[in-house]
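Multiple structures are listed underneath, in structure tokens.
In the two assemblies presented below, chain A is common to both, partnered first by chain B and then by chain C.
The block that comes next holds the complex of A and B.
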């Protein structure tokens, strides 16, 4: 893909006098749109200015100012920098903002999340229910005045730990001996959930009566304990015979409110928590968070560290795609042979992660301005051995084993996942988007770190079916190997950290949106700082969660068995999806 | 649809199957042991590994790299049979700890009431510890280090106290030889510089 041409800076304030003003707060960028004009302005942003990909929607609770803000980040799929626009409304219930799902349907789940966690009511939203929390939950936890069950203080470090720390177990502090708060006069034994009725109601809206023959639709609950759902993911599916008529994903079984934990933590303390998002790719998660905070701190990363970062992120991508291929085999019924072959290579890559960072999966390796430590002795040779000798051969072996297998091809070919137009409308990123034929990869579209120095292609596939999704992963493994081969040759000597390692970093006030191409799509961190040691707002834009928005669109009309395969190729990870 | 692809794929599996036995045979005739010894495990974790890949825990264990990190411990130096703990209870580890699982009670001098650089109590709630390694990374006295002992499963809550956490410097040197040498040299250089400064003054 060509490097994006720079267009003249668009001036929304001049285009919409009175409705849009520039965000003048120090450290902030973008535009503040009047609530009543949002739909008009958003339509223009998409149709006139070409921002066809609404990547992230989230909210910030500015309690001191008495404002609730909804933040939108839009991009062009042809590449280029971000367009940020915001809507500010008074922080008085009901907090209402018009929904943009009519313009970008991909906003659906993210708006539901903002409603769930922040209590922003999106008017004209097709299905505004809680998404991550349970229906009986009281309050909206990301509001600044909400306190959790084990609440100690607003920010870490907690004062009780030192110098007079007397160890107390967390459960001793809660009357329920559990991490839960109930509303007054609430009895969990007597409670009847209303959410199920709402869920099945939402499903029923799509049911249609056809012809004179009356058949009953059946509702099937796939999951949350189902081996094909890659964790505790549940989908309520209505089927007509074997054909999917409507589908609603139900998630949040692994929810731990990562965002709220992140606001309590200091900037540095968030780093190991990001490992736990997409636990296959902790290196990529670290990368995204480091990029976001470094943007705010405005610091340069040490040259050698940049190379180490790219090497680790690309190894992580290879390892993720290997597991993807293996697990896709499992989903389709090729039990464990491809999966174990893939895991063998993954083990060797994890050995490298363990040697550099000390942990196989929870790496916690990146720091602001560099990485923790230099590559230990012998590790670079090990990486070279893998990327020059072993992995290319093994990728070919996997290719030889599966790609031409007639049974596999017959199962995969022609089962449409999504087409290019819908993939963009539904804010899909990553391999699923590229398999639909859109050459959009952040490493090229909006280069971060040192990806602009390497020679590699962005593979795409034209059909957007299951087979293309599988083949695209193989292509990406090969491209990642190309990047790695260049990186291990070019890596310079030098320090791996700018400045001294600090445990209390000074982050100036402002906002930043740092994004990286994680193996599953765009992983972005929206961080707001008010100059204190803890982030004021810390939001993760997980690729799995946003990609799943289009799940119903993908599955309606296909067979129930294809739902498993489609869910498999989206490549969700529940640690990230539920956060 | 002529089954060529399937046969090609089966060829890969057949080769793997063949390798499992061929590797064992070659190792046997070269007189080396492939299983239950360190060389065998090392070979299985190298880039040239072929055949059976699994490591049969607990009889065999993967070779732990030096940087491997698990629940932290406190280092003490042995001087004249006395345990001299390096920790000064400055509290940096407790402040930097992301899940806040470190609890330190500072010692106060009973006469003057002034703080003494030594912890009176030190707790690490190992069930809450997320093994991130920040405490070891930011400790200015090399007093808290990450352990290699990962077999700490138990039926109870693991709350480690000072007794359980203290381990000798020799143990630290045995699990992290490179790090320990580097740190010892840095410390010696610092002391020498201090002594030179004191002499000059």
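The block that comes next holds the complex of A and C.
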């Protein structure tokens, strides 16, 4: 059963009369803050009410109302439900909202994203540039009046493809392939990227005079094609010899505007689309989206389906951490040995995914109110064999193989990733936060589904170095096994879906913020419905993207080799980082 | 000088070059199969029986690949760098003895291409040249990764060559000669690896750094510098670097075998049996020395030493660059100095009292020195791990 996230009982309106009012729209919760008072209110929210963790910042373009809304979701790291507060500004350019990066530095990238996709200008933001799209992009695509090239309709299914199924390829409509709009006075031939100029053109400012010795720093582009950036991630690293002096993450090479496509899709069409976010954990992605939409629909999930969901999500966590540990060894230069040992076990878990959903990685298994089909015969026995016999032994084997390897330990110990205080300030979630010593896990802090029925610990580690991050993943594998062992014993018989399966779901108007503890951190979906078959706004809060905000802070002063390891430890996946 | 000496040189050189070139080819296969076994995979087994034709297939592929030269590279240096790397890796094998001195066809044959009295010095000199190729390749590519790789390489080689040189000195002291044949002969009764275990261990660690193998493969460091100094190389130019690396592995294993593991000489338990390289075989009317066992023993030792290199590559992560430097300068160099000193004292004491049992001083004291060094490393690591509290 999805536990609804209720708004905290604190009364912001009473604390700030005139500046804050409750959001009275049907289906909406939270507080609407006056734009001018935002900084004051936000400071109070953090300092007086203790909401130290601002997890999500995003915007919604209410074109019919002529309003642009910026939505903030804040949490307490000690646990508890969400505090939603919003700022509404008239939809007239420039749309300006004060930046909250001075209060929660973790908002930096998310505010840049909101500027990039929605055109909300955050005043006093330290570095307000486009983040996912390139600088020559015309317009802000998530605005409702922005139309993509070869625009057909606002919502799927498009009439041209239904009911006859005629489909005209976009390329055929434009034989000259000339569909790119540029901003006014923009010449792509003459264009020098703003950010790049700062990175390359101004090398002179990195010159250092040490006594009589004049030395240069060099800028290295790690990525987008690089063996250890886990995809097309790019970091422009300024190095002094081997030491990282400054670092700017550059992303968006895999950007496809997931959010906009999600708005065109129907609610159910988005389910397989979430698989493509974090392609290692399609089960967790499905879970997050299902939780968000079920909250809006206000439906119960079938009892057996809840268990199946938990089993799949935890198996997914185990295989993600296995890949993590293996690939971490690879990042440190271990020549694939731990990776292959880990992949051997992962394949067995993927076998189970294939058996239940028909696909090893793009599972598309969850549905609103349950899962798409019951476990096939024999799968439960397979899972039992894995979680009771094979995986605990293999986890110990990996532990012995790596934790007792002196060179591995020498590389990992004492290399600080981030400390607890900064981790919270930078909105970091998931294993990186817990390895810094903050016992914050959504499965406990704000339980969803049936996690409150299981007996398990939230492992933490005190130091926040690379070694702790690695050990924490092992701990989590063991805890997930504990959950699985209880779940496979308790799983009841019964239907796996409430109601009958349907292609089109009716979602009442309103907003919902559904979040799950994905293996990489907090994966949240912010869905706004206006009662139509398609979501009015569909926003993904991916853990990789937000965790990367603090990358520069983590890496400055370390060595290049450590930068690679730290990037590996954050466990980014470009599918969800770039969306 | 009669003409037969030319024939002899020619045959010996051809043998060495052939051994290194095919050795390189099959070392790649050996490494890939061994790595695969360690990593629960199968490895290349399609081309030929058990993948024996794989090196041929690789060679054909590399020959037909396009060779790119970056537009802003220094063309001349870019062209010469792989050759400068490649040549020393073959030349270095010239002084390594692979069989006992014997009489064949009425001639005294010495089984090394060049039997020079300062063979050890020759090894050191040639081993240092290869680094130029790497540095020049890194610099001429006009690529930052390559340049960083080249820089790392030069710093690493300089740091580790000191300890390598002191390793040579240990063998010279114990063998009482700089001629490699004499050093091998001095190990007739006991390997230097037994007399000086710490020295042998240091030597093997340092050789890993010298040939840029994991865990000291800084110049390449795939995960950090993509491919390091050979990022911009492709086709046969890349193959030359690849070849040089593997030939250096073979050569350095041969050197290690020669200096510390009895070279071409038989294993200690085969001494004075018919399997000794000094044994005289009588088959029918012929009577001859079993010199041909020399290359076989050498091969066996090299294969085992190479396996250690592969094993280490499969199981250990790369050491971070600053740690590598401090390990070289702060641990290995003092320890090798101590080892040389202890060896010298041991040899001197044994000479003074004219009793070789006094050589037992060497392993005892150097083991103590080695343990002290290990203790220091352990302490340093411990300090680092709790610094964050």
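Criterion: the second predicted complex is superposed on the first by the 528 of 579 C-alpha atoms of A that agree within 3 Å, B and C clash if a C-alpha of one lies under 4 Å from a C-alpha of the other, contacts with A are read in each partner's own complex, and residues count from 1 in each chain.
Here is the rule we go by: a residue touches a chain if its C-beta (ideal position, glycine included) is under 8 Å from a C-beta of that chain, and two chains touch if they have at least 3 such contacts.
For clarity, every value in this text was computed on a predicted model and none was experimentally measured.
**Q** Is the arrangement of chain B and chain C around the shared chain A a clash or a fit after superposition?
**A** fit
**Q** Could you look at A:532 and tell me whether it touches chain B, chain C, both or neither (first, second, both, neither)?
**A** Neither partner.
**Q** Given the touch rule stated above, what does A:341 touch, chain B (first), chain C (second), both, or neither?
**A** Both chain B and chain C are touched by A:341.
**Q** Please indicate which partner A:405 is in contact with in the superposed arrangement: first for chain B, second for chain C, both, or neither.
**A** Both partners.
**Q** Kindly classify A:173 by the partners it touches after superposition: chain B alone (first), chain C alone (second), both, or neither?
**A** Touch status of A:173: no partner.
**Q** A:355 in the overlay: touching chain B, chain C, both, or neither? Say first, second, both or neither.
**A** Touch status of A:355: first partner only.
**Q** Using the superposition on chain A described above, determine whether A:164 touches chain B (first), chain C (second), both, or neither.
**A** first
**Q** In the superposed model, does chain B or chain C contact more residues of chain A?
**A** After superposition, B is the partner touching more of chain A.
**Q** In the overlay of the two complexes, what angle sits at the CA centre of chain A between those of chain B and chain C, given in steps of 10 degrees?
**A** Given the fit on chain A C-alpha atoms, the answer is 80 degrees.
**Q** Would you check which partner chain A:506 touches, where first means chain B only, second means chain C only, and both and neither mean what they say?
**A** Neither partner.
**Q** Going by the contact rule set out at the top, does A:228 touch chain B (first), chain C (second), both, or neither?
**A** In the superposition, A:228 contacts chain C only.
**Q** With the superposition applied, I'd like the minimum CA-CA separation between chain B and chain C in Å.
**A** 5
**Q** Residue overlap on chain A between the chain B contact set and the chain C contact set?
**A** Looking at chain A, the two contact sets intersect at 337, 341, 344, 405, 407-410.
**Q** What part of chain C is in contact with chain A in the complex they form?
**A** 35, 38-41, 144-145, 148, 214-215, 217, 221-226, 313-323, 381, 384-385, 387-389
**Q** Quick one: which bits of chain B touch chain A in the complex? Just the residue numbers, please.
**A** Counting only chain B, the residues touching chain A are 1-6, 8-9, 11-13, 16, 45-49, 53, 65-69, 89, 91-92, 94-98, 100, 102-106, 115, 121, 123, 125, 128, 130-134, 137-138, 146, 157, 159, 178.
**Q** For the complex, give me every residue of chain A touching chain C.
**A** Checking each residue of chain A against chain C gives 218-220, 226-228, 242, 329-337, 340-341, 344, 405, 407-411, 413-414, 416, 462-465, 467, 559-562, 564.
**Q** What part of chain A is in contact with chain B in the complex they form?
**A** Spelled out, the residues of chain A in touch with chain B are 156-158, 160-167, 169-170, 265-266, 268-273, 337, 341, 344, 347-348, 351, 354-359, 362, 364, 372-373, 376-377, 382, 385-386, 389-390, 397, 400-410, 501, 503.
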